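Pasting a structure here, questions to come.
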Amino acid sequence: MSEIMLATQSVRKSFGSLEVARDVSIELPRGARHALIGPNGAGKTTLINLITGQLAPDGGRILLEGVDITHAPVAARVRRGLTRTFQINTLFPDLTPLESVVMAICEREGKAAQFWRPLTSHGDAIDEAHEILARLRLADEATRTTRHLPYGKQRLLEIALALATKPKVLLLDEPAAGVPKDESAMLFSVIDALPEDMTILFIEHDMSIVFTFASRIIVLVAGGVLLEADPDTVRSDPRVREVYLGSAHGH
Amino acid sequence: MIGNLAIVLFDGLAFGMLLFVLSVGLSVTLGLMNFVNLAHGAFAMLGGYVTVLVTRELGLPFLWSLPAAFIVAALVSVGFERTLFRRLYRAGELNQVLFTIGLVFAASAAAAYVFGTAQQPIQLPQFLRGVTEFAGLRFGSYRIFLIIIALVITGLLVLGLEYTRFGAQIRAAVDNQRAAQGLGIDVDTVFAVTFALGSGLAGLGGALAIEMVGLDPSFGFHYLVYMMIVVSVGGLGSIAGSFVAASLLGIADVAGKYFVPDLGAFMIYLIMIAVLFLRPQGLFGKR
Amino acid sequence: MTTPASSTADNHAWLRRQARWSPYELAFWLAVLIPFWVFPTYLTLASQIAITALFAVSVDLVLGYAGIVTLGHAMFFGLGAYAAGLLTKAGWGEPLSGLVLSGLLTALVGLLVSFMIVRVQHLALLMITLGLGLLTAELANSLGWLTGGTDGLQGVDVWPVFNHFEFDLWGYTAYAYALAALFVGVAAARRIVHSSFGLSLRGVRENLNRMPAIGSPWRRHLQIVYTISAGMAGIAGAVLTHTTETVSLDSLSFQRSADVVVMLILGGTGRLYGAILGAAIFMIARDQLSDMNPQYWYFWIGLLLMLVVLFMPKGILGGLSGLLRRLGG
Amino acid sequence: MIARIAAALTLGVGLAFSAQANAQDTVKIGLIMAYSGPFADTANQMQAGIDLYIAQHGDEVAGKKIEIIKKDTGGPKADEAKRLAQELVVRDGVDILAGFTLTPEALGAAGVADQGKKFMVVMNAATSIITEKSPNIVRTSMTIPQLNTAFGKWAFEKAGVKQAYTLVADYAPGHDAEKSFAKGFTDAGGKIVGADTSPMGPPDFSAFVQRIKDASPEAVFVFIPGGAQPPALGKALAQRGLTPPDVKLLAQGELTFPEAIESMGDTAKGIITTFNYTMERDDPTNNAFVKAYREANGGRSPDIYSVGGYDGMHLIYEALKKTGGDTSAEALVEASKGMSWESPRGKMTIDPETRDVIQSVYIREVKEVDGKLQNVVIDEIPEVKDPLHGMAN
């Protein structure tokens, strides 16, 4: 059995009377390529917010490599190797991709507070940033201002920023949101090429992409885990069909 | 002793109510329209000078000058809103700050030029002068009048925002401008009217302030800080918040000076810092 | 896939270019020497512009680079001014060490205040900085035995710089001294801005929400820059004490806090030189306008501020560089 | 780009660069005051006094033309005042520094008068130590201890007040007033039963007035700056019944400025104040001055600031006549020492030792005269000197 990198144990969260996470317990083994699916409002992004610490759970525990991080601040989790991307671009509009990624690397290395050292003296960080940007096909745009990049490139930069933190566990919240279909396949091929031992959980709506890239699928409905299984099982599960059909016709 | 306490609370409340009338308009425009209008105090000053003109030059009674102060401040402000401020709604806070502080500079200089730098005394009607005795205590008649006016304004504002069609339109436009537009609400007009209402209240506050704190060309600067304290402590856009914050600050200021005179100057600031550190969104703020 | 057009060497070069002293900067620092020969009767004004510019640069570090809008920075300026003044009264009138000590003291106070500052944002931040500034001013007033109250500190006696250059009536020494302080301040600010730390500050300003998600201890960053800025503001205040041998309550006033922010926005935030330009334009305009019309000059200042917002929303330096870019194609 | 900005800036300064006309036949007087800002009214009244004097006496003295240069500090700003003084000396080449409505500004500029060897005439700022800062400084207004020490003594001896409560504004002049009134009063045998200082913020005095009422003193002594505070305090006192005749109300004259009396109405009746100038004092010199002043200023009446400016110009004119146009600080100070004249305020003399004014301190009471409330002189303490000089050190 491979080692469990990330686990949630009976995580609960409510907003008033609305339960957005109901005893969610999931486990991600090292190198996982898990997809998190479910109808709108199922609580997928909320779950990611709970895992990464943007939201505090009402109950339950979150473990990273067996260590309880339930009450750790967001940044501390990132430094332990748990990183996410955002469904809505959360970038630095007036910085270039190069600057953004170098910044993230310097933060990771604990060098960001060295106000007396010129940025250019962090040669390794600049080289590594180039490597990350090249891997995400952003090398040509490295020195263009982020706000002027095409949308698809900005989505790639979302991932580049996350990669710069050297995550052990990477949570991708709809990485291809708003990207045309042909581009999103490209985007996922980039994700697919990430190191094998990196543990990845992604939210995605396009089922063909999910079935192509995910090794296991977690189905979330109304804040609770309906099913966790391999793609074939999920594909044939009547409850999943019902949920998706039901939700398609429901409102 | 109980009597003294009652008097101190009463005086503090009256001072707080003056702050409330001066500030509530700013809370509305800042909270609802996200427009940092540091010129709010300048509209208050305008209202004050209108009162001086109406009572002294036209010889009309003080009570008549109050609606005049409201209307003139509202009309002038809506002129500015239509021609200048509206260009700044998307310009960022810093630019709004710079522009409106520039307006305060200009307004203050204009007031000094037109009215001179001297204090402007006004004559109150007989029934507002002196004191009203009640249960053996002497309450300033003007202060009673101020408290009543503030309560009436609070009532009207709350009713207007909660129960009228226009109030609903304002709330809709604030929540989501685009959606409100889609519903056929004329957001432009809603903003203009809201702005006029807010500035009109400032003008009324300026008129009411003369008797308590005087009026000279530096009024717009001088009371800006107090207005911002009330607005931030109360919470942006909250009428009840402004009311509670103004009462709290007025009472704490007077009570502080009464019981611990050495701390008198510090009291308002200490309370503000404490409140905002514990509740950055203010007492009644939503964000 | 073809080899990428850009290489990591290009990136190194690009980053180096960002941090390089531009010819414009060099020309600027040469130009500020002109008053010594051409306008010797304006040196006192020039020295006060340099002091205010240093103060504005310190505010730019927190406001322009880290996004902390402060309305209470005169607190540090005034503390530095009083620290320098009290030091001379205590018998130590040597200016350079006085600057260092005043700067260290205000930095320490800045560090203490920073624990509070980084926990709040937006209007609450603005109002807390303002409140702390007002409290400090009131405190200085009530500590009359120490500060001299509204009369100001009496008996400030500054020794000549390097034991040789007296602060003269014309202001030669004052301008040279203030200019040197400004240059050192800008050089230090430049270094900070072009460090990895400066990059992280811009990150905080650009998108605070993302910073924790890349593992950044951004609150600590803000504390560091706030502390540095407080020290720099304190040094500016100390320079004022040394060059004028006066310290008064207005060095702590809300008006000074507000004026410096106005100057900074006027010149353009987040550019360092915008702070200098804003201070220069504001103070020269005030000097000239108030000479023409001592009673109503601020009408024209108000008009200037409004026109700048309408026609140069990124400040004067922002507007000029935009104009230049368009002209250059 | 920055070079261009710098060039544009220096060009701008160059245009404004005024030629240093150092003609032998003019005397330049640099006036440093807070013409703008919260104390603008003081400066405007003083300027009106100065203008009136020049209008009445011409702008030529001892064969030289008088030229006035006005500088605004927007203050109280000590550093601005010092800079402006320096620039007046080195750029405009003034011979005399004058004005100074506010103490910190006078103190800021004092060093320049000393270093630049210029005659400096303080026309208002009222803290004792100013004239000790340089031998080149002469004052034509008054000092707070001068008025209030005498007033304290008077209150005990003449008004029969045995115990008093003091309330002063929380700034240096207020503290000076509290100390000097208490000194004069207690030295004579009176007792201070309570002392409060009120912050300079919004003029809401209700808390302090209640404290006074709790102490139920026989008399209250008050010192607050002119402007918005006097009417607010007057009304607050009246609301608590702390007005004459129930309680004696003593104050320095700012409390009963005409605007304040108008705003207070009948409650002002009976307030006793001390000042070195009283507009209503019936005296031919004063009556002519008041009439001319009102004519020149659209009906606005003169106050102590106006007289400070008016007498300051008189001092400058007469000193220049004595020196025959010599503008050196030494000569002008020598000429000023012991100079004595009939001012609208009455007889005043420049003390040759302290260079401060020796003058009458007036005690006035607000009374109704011809249906109008005004200050009426009820007593005069002649030839009062500042009591602090030589004591501070």
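Points to keep in mind about this one:
A, B, C and D are the chain letters, set down in written order, and residue numbers restart from 1 in every chain.
Keep in mind that, in the parts below, contacts are C-beta pairs under 8 Å (C-beta built on N, C-alpha and C of every residue); 3 or more make two chains touch, one makes a residue touch a chain.
Everything quoted here is computed from the prediction, not taken from an experiment.
The minimum number of touch steps separating chain A from chain D is 2.
In this assembly, A is the chain whose CA centroid lies farthest from the centroid of chain B. One inter-chain figure worth recording: chain C and chain D are separated by 36 Å, centre to centre, where each centre is the mean of the chain's CA atoms. Each chain gets a centre from the mean of its Cα atoms; for chain A and chain C, those two points are 41 Å apart. With centres set at the average Cα position, the gap from chain A to chain B is 48 Å. A straight line joining the Cα centres of chain B and chain C is 33 Å long.
Multi-chain contact residues of chain C (touching two or more other chains): 138, 141-142, 295-298. Under the contact definition stated at the top, the residues of chain D that touch 2 or more other chains are 36, 40, 44, 170, 199-200. Shared interface positions of chain B, i.e. residues touching 2 or more other chains, are given as 109, 112, 265.
Checking each pair of chains for touch leaves A-C, B-C, B-D, C-D. Per the touch definition, chain B reaches chain D in the complex via residues 4, 7-8, 11-12, 15, 109, 112, 116-122, 129-131, 138, 140, 211-218, 222-223, 226, 253-258, 261, 264-265, 268. Interface residues of chain C facing chain D in the complex, by the touch rule stated above, are 22-25, 27-28, 31-32, 34-35, 38-42, 44-45, 48, 138, 141-142, 144, 148-152, 154, 169-171, 240, 244-251, 273, 277, 280-281, 284, 286, 288, 290-291, 294-298, 317, 320-321, 324.
Put simply, chain D touches chain C in their complex at residues 1-7, 9-10, 12-14, 16-17, 20, 33, 35-36, 40, 44, 70-72, 74-79, 82-83, 86-87, 89-91, 103-104, 107-108, 111-112, 115-116, 127, 129, 170-173, 175, 199-200. Those residues of chain D lying in contact with chain B across their complex are 36-38, 40-41, 44, 170, 196-204, 206-208, 210-211, 214, 227-229, 231-232, 235, 238-241, 259-260, 262-263, 265, 300. By the touch criterion given at the top, residues 52-53, 73-75, 78-79, 83-84, 86, 90-95, 98-100, 102-104, 106-108, 111-120, 122-123, 125-127, 129-131, 134, 139-140, 142-143, 161-162, 164-165 of chain A touch chain C in their complex.
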